[in-house]
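There are two complexes below, and they share chain A, which is joined by chain B in the first and by chain C in the second.
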Partner chain A sequence: MLSRRKDKKRRLKIKIYLIMFLLIIGFTGVFMRLFNLHVVKNQALASRAEKQHQKTIILEGERGTILDRNGKILAANLDVPSMYASPVSVKDQAAASKKISLATGTEYNILKNKMKSGKKSGKNFVWLKRRIDPAKVEEVKGLGIEGIGLIMESQRFYPKGNLLSNVLGFAGLDNNGLEGLELRYDKYLRGDKRWQVLEKDALGKTIFPKDRKYTTPQRGKDIALTIDEVIQYISERELDLALERTSAKSGSIIVMDPRNGEILAMAVRPTFDPNHTDSYQPSDLRNRAITDPYEPGSTLKTLVASAAIEEGLVTPDELIYCENGSFNIGGRVLHDHEKHGLLPFKDVIKVSSNIGTAKVGMRLGEERLYKYIRAFGLGEKTDIDLSGESIGIVREPGSWTVKSLPSISIGQEVAATPIQLITAVAAIANGGWLMRPHLVDEIRDQEGNIVFKSAPEVIRRVVSFDTAREMIKILTRVTERGGTGEKAVISGYSVAGKTGTAQKKAAGSRGYSAEYFVSSFIGFVPSQDPRLIILVVIDEPEGVSWGGSIAAPVFKNVAEEILNYLAIPQENREGILMVSRENGQPGSINEIR
Partner chain B sequence: MPKRTDKTILVTMLILIAFGFIMIYSASAVISYKKYGDSFFFLKKQLIWGLLGMIAFMAAHSLDYRTWQRYVIPVFALSCLMLILVLTPLFGPAVNGSRRWLRLGIISFQPSEITKLAVIIYLAGYLARKGDGIRDFFHGFVPPMILIGIIMGLIIIEPDLGSVVTIGLVAGTLLLIGGARLSHMSLVVLLSAPIVYRFVMQVGYRRQRWETFLNPWMDPAGSGFQIVQSFMAFGSGGLLGSGLGEGRQKLFFLPYPHTDFIFAIIGEEMGLLGVFSIILLYLLLALKGCTIAIKTEDLFGSYLAFGITMMITIQVLINICVATGLLPTKGLALPFLSYGGSSLLTNMLGMGMLSSIAKDGRGR
Partner chain C sequence: MRLWLATLIILMVFLYVWTHIDIINRGYEIEGLLARKKELEKANKVLTIEISSLTSLDRIEKRAKNELGLSKPEPGQVIIIKTNRSPKGGCIAC
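The block that comes next holds the complex of A and B.
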């Protein structure tokens, strides 16, 4: 009995082994078949699949809208018809091209060539003309040419024309972001890909777009900016007027809320209309406020003075001898615009004495000056949410010459972008915090859910609250009688600020040009509780080029109108609000003691 | 003597299932979004079934497999009952002209899937009990033939030809290794040939499938559409594939991309490397299952292990052969990979039993 059982088990084993052998053969056969399909027939099958896939076209989903902080539309989408052909189905290409050309105004040769080359390569689908005038739709339909059709595509539209265009950038034909915010936030703005199938009819001749089967109609996300359309408009208008008045070649104005780094306006010239980008040079498209570093000149003295006060190397009332307007320092002769003798340090800044500031800069020494300039964010990206930001030029002390220390103290030998400079000075205005500037406030999906919400972001504390307070007092003097920024004064408010008049490097030589300047003014208001910080940069104004005469009045016009628009209460000049936020977070004004 | 738990079965199965989840999502996301407004619809359902399957696996693994032998009759009876119920309009709504799904409240289930397992348990028990008695035609061979014939008949009415073929082949191989006479089996094949012919050639669409199989390129836009699309999916995959989620065949062209033709989608997106890896995993599972059948002293355990292994392997081979045009089209899930809850649950339950046999099937 036992041996019979064993014998049965033995036969069972042999049979299972046989089946295992057969299974291995079976799996090998299957693998060979797959090898045949994947490798041997790869070319033939892949090209056949490709050909059939040509019958599907990919359309980009509708892009999200870009809005300002009050919900005003800055960029949106419109449905516009595009005309396509199925070249293999068009019987008489010449006649069809002629008819279409007459109806739509598209050039005959272009149409003809597209159809011809399409037919040659056996294509089922070519675009004839994307985004045609919606008024022509009926005419094209009326032609009734076999193999010609229309598909609705969505097109980017900028209702405000060139307003904010250097910041917004633009999107291309396929609704892909190419510049500015459109590029930087492309992955949010972009809708899902939309697939559309074009099917042959029973005769295999004409192609019809099937109704949108299997399409994913998900729109892109909407972006709300911190930009205020009205403030942007005011800034651009004043910038245009200033450039016209001075025949300057370019310029920029940035308006920021120093408490949280929100950009309220960013005006840049030259500019462009994003609805018609082909007619502009690449240089018109640039956002110079973030891409173009310039030597800040005297506006940099704000940072040098802050550093010296923070380090206890000078007090606002300490008398400094300004050498009557000419002083040999570090092997370089410095000049002042007006001759001065002994001046308290606060007046050195008020009248923007190069000699006085350079002397204080010498006290700081190379390492400390470098450390503070870097701490204020020069030589690094501000990390603003835009692409293409420049880091500017701040050399390390190791490569400085003997002249560098005094030169850098008065804003030469360093270069900063407008956004870097305004961010740095905002750290004085808000009590010592370097804030990350940003202009996207919120990203929302189509159901209105908030996907991203910006929050004030502190990069670092640069100077103490007390130092910032002292600096605000000093900078407020700049706009008082006898200061370089007199023309920035706004009635009803106290303005703190600093002028800058920087000679540009002469082309082809190592020295500075006596002809070309960058005039600028940076100021914040109300000085004791700053709500706005504004930087005006005018590049190469003709004639008088002092920052105090060119840029300061622009600041005044812009600031005055914005204060009015935002209804920021006027100050009582005598009893200025004393706000303490020494240890508080920036932006909190509730700790009144 | 208790053996250390062998993890090969569990690990191989889990790799396949996990890969299945990824591919089901990739293949169904667009269709799913279109149909249900949720691109994760099919994936979510499959995840739930996977969880149930895992519970079934663990239970079967820890249960002594010999217990199943005792419950052969109730299990078998329940299967038959479900197969009958599914044919009634009340419980079995017609989907695409066939009644395969038993709807019980919110869940629906394919009784033909679990029936495969029931047939295997029954036949394993019968063969182990009869021993050499199976060689006797009337007292050994005929009774199981009648029972299995009834089951297959019920399923073919649904109709679910894929399941019928699977049950027939699994039962056939089990009888073969169980010692049934070749002459008896040949007789069955000869007798059933006219019936098969009638079922294939008299039903229009099956006849067409057969003709399409012989020459799929005859009408690539009509009857050959599906298989030609499948070829193109494999072919455009090349060696490394177009990348996960990048396949385009699933979008409009290949019907049933997440169920019957998921292997073609794997071919398109993962290339030869991907399908080869999958085949190796299945082969590993098949050889491991056969080894367990050989090593098990207990005859019931041996037959059960072999039957379960064949159930999986035969479905794998048929599904892949259909997708690659080596067999005419019939609806059959690719075990562990295709979307389909009943199939996943049944196969995982079967794997649990196999694992249990591996654990304590060395005889007493």
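The block that comes next holds the complex of A and C.
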């Protein structure tokens, strides 16, 4: 009995020890697992959990909008989908590539190669097609291929097509400015990137982050230009018509407010559509109005005449002998296109006599002519707010030959860009001040606060007010009967201007071509109180090449329509009362006659 | 007394759980509304750019000429007089 009890007790003890042993083993295992999870694998698991419960999204700040002076959109951003692939997750790459190729229009081989090389290098992400055409989005969404997805990306749009494109430039795939204003003002237009961490629940749905401040990415700043869409359109349309009419190689028209240097239009041909830059040559993207210097020809006579009057070397009524159309001066035989004898200096400019102007240039001498040409801004950048501006060509007198003085006096041996020339002549129109030309009126942040506002900037005074007044009278005669700029005259307004017909350098020789010309006209209106100055440059027109025949009519068409659009009152029509009635409403035509 | 205390504690627990669930639900609602707002903003922007594109002067002029038979006024048909009102196009002609 006693032995049975002892035996029972011993077996119970064994059982207890066995359970204790098992418990110890079990707890040791649990403890070791806990140690492993909480100490050894702590960081890796925490990061894995974070990935499962948190979603980090990169929000890219939208690029700022570019507007014209009246708030019309010229460039803006839209979100469009881009397609990506996780190559290791795509089961049948060939079939997937075929489907995507049909839906997006991307070449089959390109898609297949991207996925193949991505899989080979173990990549989890490759772009297949960025910025898909919005019209194809629904078709792409319906493909439902495993391992293929869509991400929204911001894309730049230019809703006006090629209007102002050579000035606006364009932005690249990553929303960075590559040309024109997009490049020059990239630091303002670009938005800031922000990272936002969102929490997900067990089903992967996003939970609003109650403990975190929800921040939106900083949008780029908006830029309002001095450009007027209507004036730009008129200029581009007339330039297109002129190039079509003359079969010219290229051309440009600049419209500026001479009082403050604001550029109202800058039309350049050839041009491009910034929405499809791939289909154009690099030369089409160039803004020739600021990058391409040319010999200005007779339009430079305005600067020579201003310098001579300012220095008191000639008066408008002084008679100059024009040698009946042919004259050897400085070892070079100059010709006028019509024979003239004695002409008052004001008529030397009116008929654009090379001989008469060269004689006045000789009076100025090398140093003074050079000083004035430089003072008018030739040979230096105008500092317009665009990248890639050329300084042109103005050699120092030390390197001039005996022929240089008469040649430069008539606009040869010197080269200026259209923007330099219009800035220089605007100094005559506004009473003697050389102004800095500019395109940006103001820059605003996303709340609409103005962070930059442009103001008229005077570079220097070039000639006195009196000289400028005299010059305006002389240049007004150019568009009167018998002047070379007759075709620039606009009914109801007095126009001041100057024609230019510059021979181009002959290829492969030191002389000038008898075949290729640059025809130009620069004018301002109304001449006594100029609101607009317009430069028209037509490069290599076919047939008749005179600036008065080719460029002056283009000036007339552009200026006439702009004056109408801006409602600038007519000035010299007899019998027209040019003031409103007391209530501010204009009287009827019958009343004002 | 004990019964009252127990009931109060249970009610407070229910209240806590209810508010917690409500906050989560409101979070989903806010998230949904933000997504909707973003969608509407995007649609608005698309329409703005479309308007901008459709009001291109080149397009309007062609339609005015070809479809409506309109033409530019002849010289003399428009007489511009000086008024005290601000002219079109901002301050260019001020």
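Keep this in mind: the second predicted complex is superposed on the first by the 486 of 593 C-alpha atoms of A that agree within 3 Å, B and C clash if a C-alpha of one lies under 4 Å from a C-alpha of the other, contacts with A are read in each partner's own complex, and residues count from 1 in each chain.
Methods note: contacts are C-beta pairs under 8 Å (C-beta built on N, C-alpha and C of every residue); 3 or more make two chains touch, one makes a residue touch a chain.
Note that the coordinates shown come from a computational prediction; the quantities given were computed from them, not determined experimentally.
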item: Of chain C and chain B, partner touching more chain A residues; value: C
item: First (chain B), second (chain C), both or neither touched by A:514; value: neither
item: Which of chain B and chain C A:333 touches, first, second, both or neither; value: neither
item: Which of chain B and chain C A:135 touches, first, second, both or neither; value: neither
item: Touching partner for A:455 - first (chain B), second (chain C), both, neither; value: neither
item: First (chain B), second (chain C), both or neither touched by A:566; value: second
item: Contacts of A:160 with chain B and chain C, given as first, second, both or neither; value: second
item: Residues of chain A contacting chain B in one complex and chain C in the other; value: none
item: Contact footprint of chain A on chain C as seen in their complex; value: 23-24, 26-28, 30-31, 42, 45-46, 48-50, 52-53, 55-58, 61, 72-73, 75-76, 78-85, 87-90, 92-93
item: Touch list for chain A against partner chain B, complex; value: 4, 8-9, 11-13, 15-17, 19-20, 23-24, 26-27, 29-31, 33-35, 37-39, 41-42, 44-46, 48-50, 52-53, 56, 195, 197, 213-214, 216
item: Interfacial residue positions of chain A with respect to chain C in the complex; value: 69-70, 72-73, 76, 78-79, 157, 159-161, 163, 205-208, 210, 228-231, 233, 237, 257, 262, 264, 491-492, 531-532, 560-561, 563-570, 573, 576-580, 584-587, 589, 592
item: Partner chain A, residues of chain B touching it in the complex; value: 30-31, 33-34, 131-132, 173, 176-177, 179, 231-239, 248-249, 251-253, 267, 271-272, 275-276, 279, 282-283, 286-287, 290, 293-294, 297, 299, 302, 306, 310, 313, 317, 320-321, 324-326
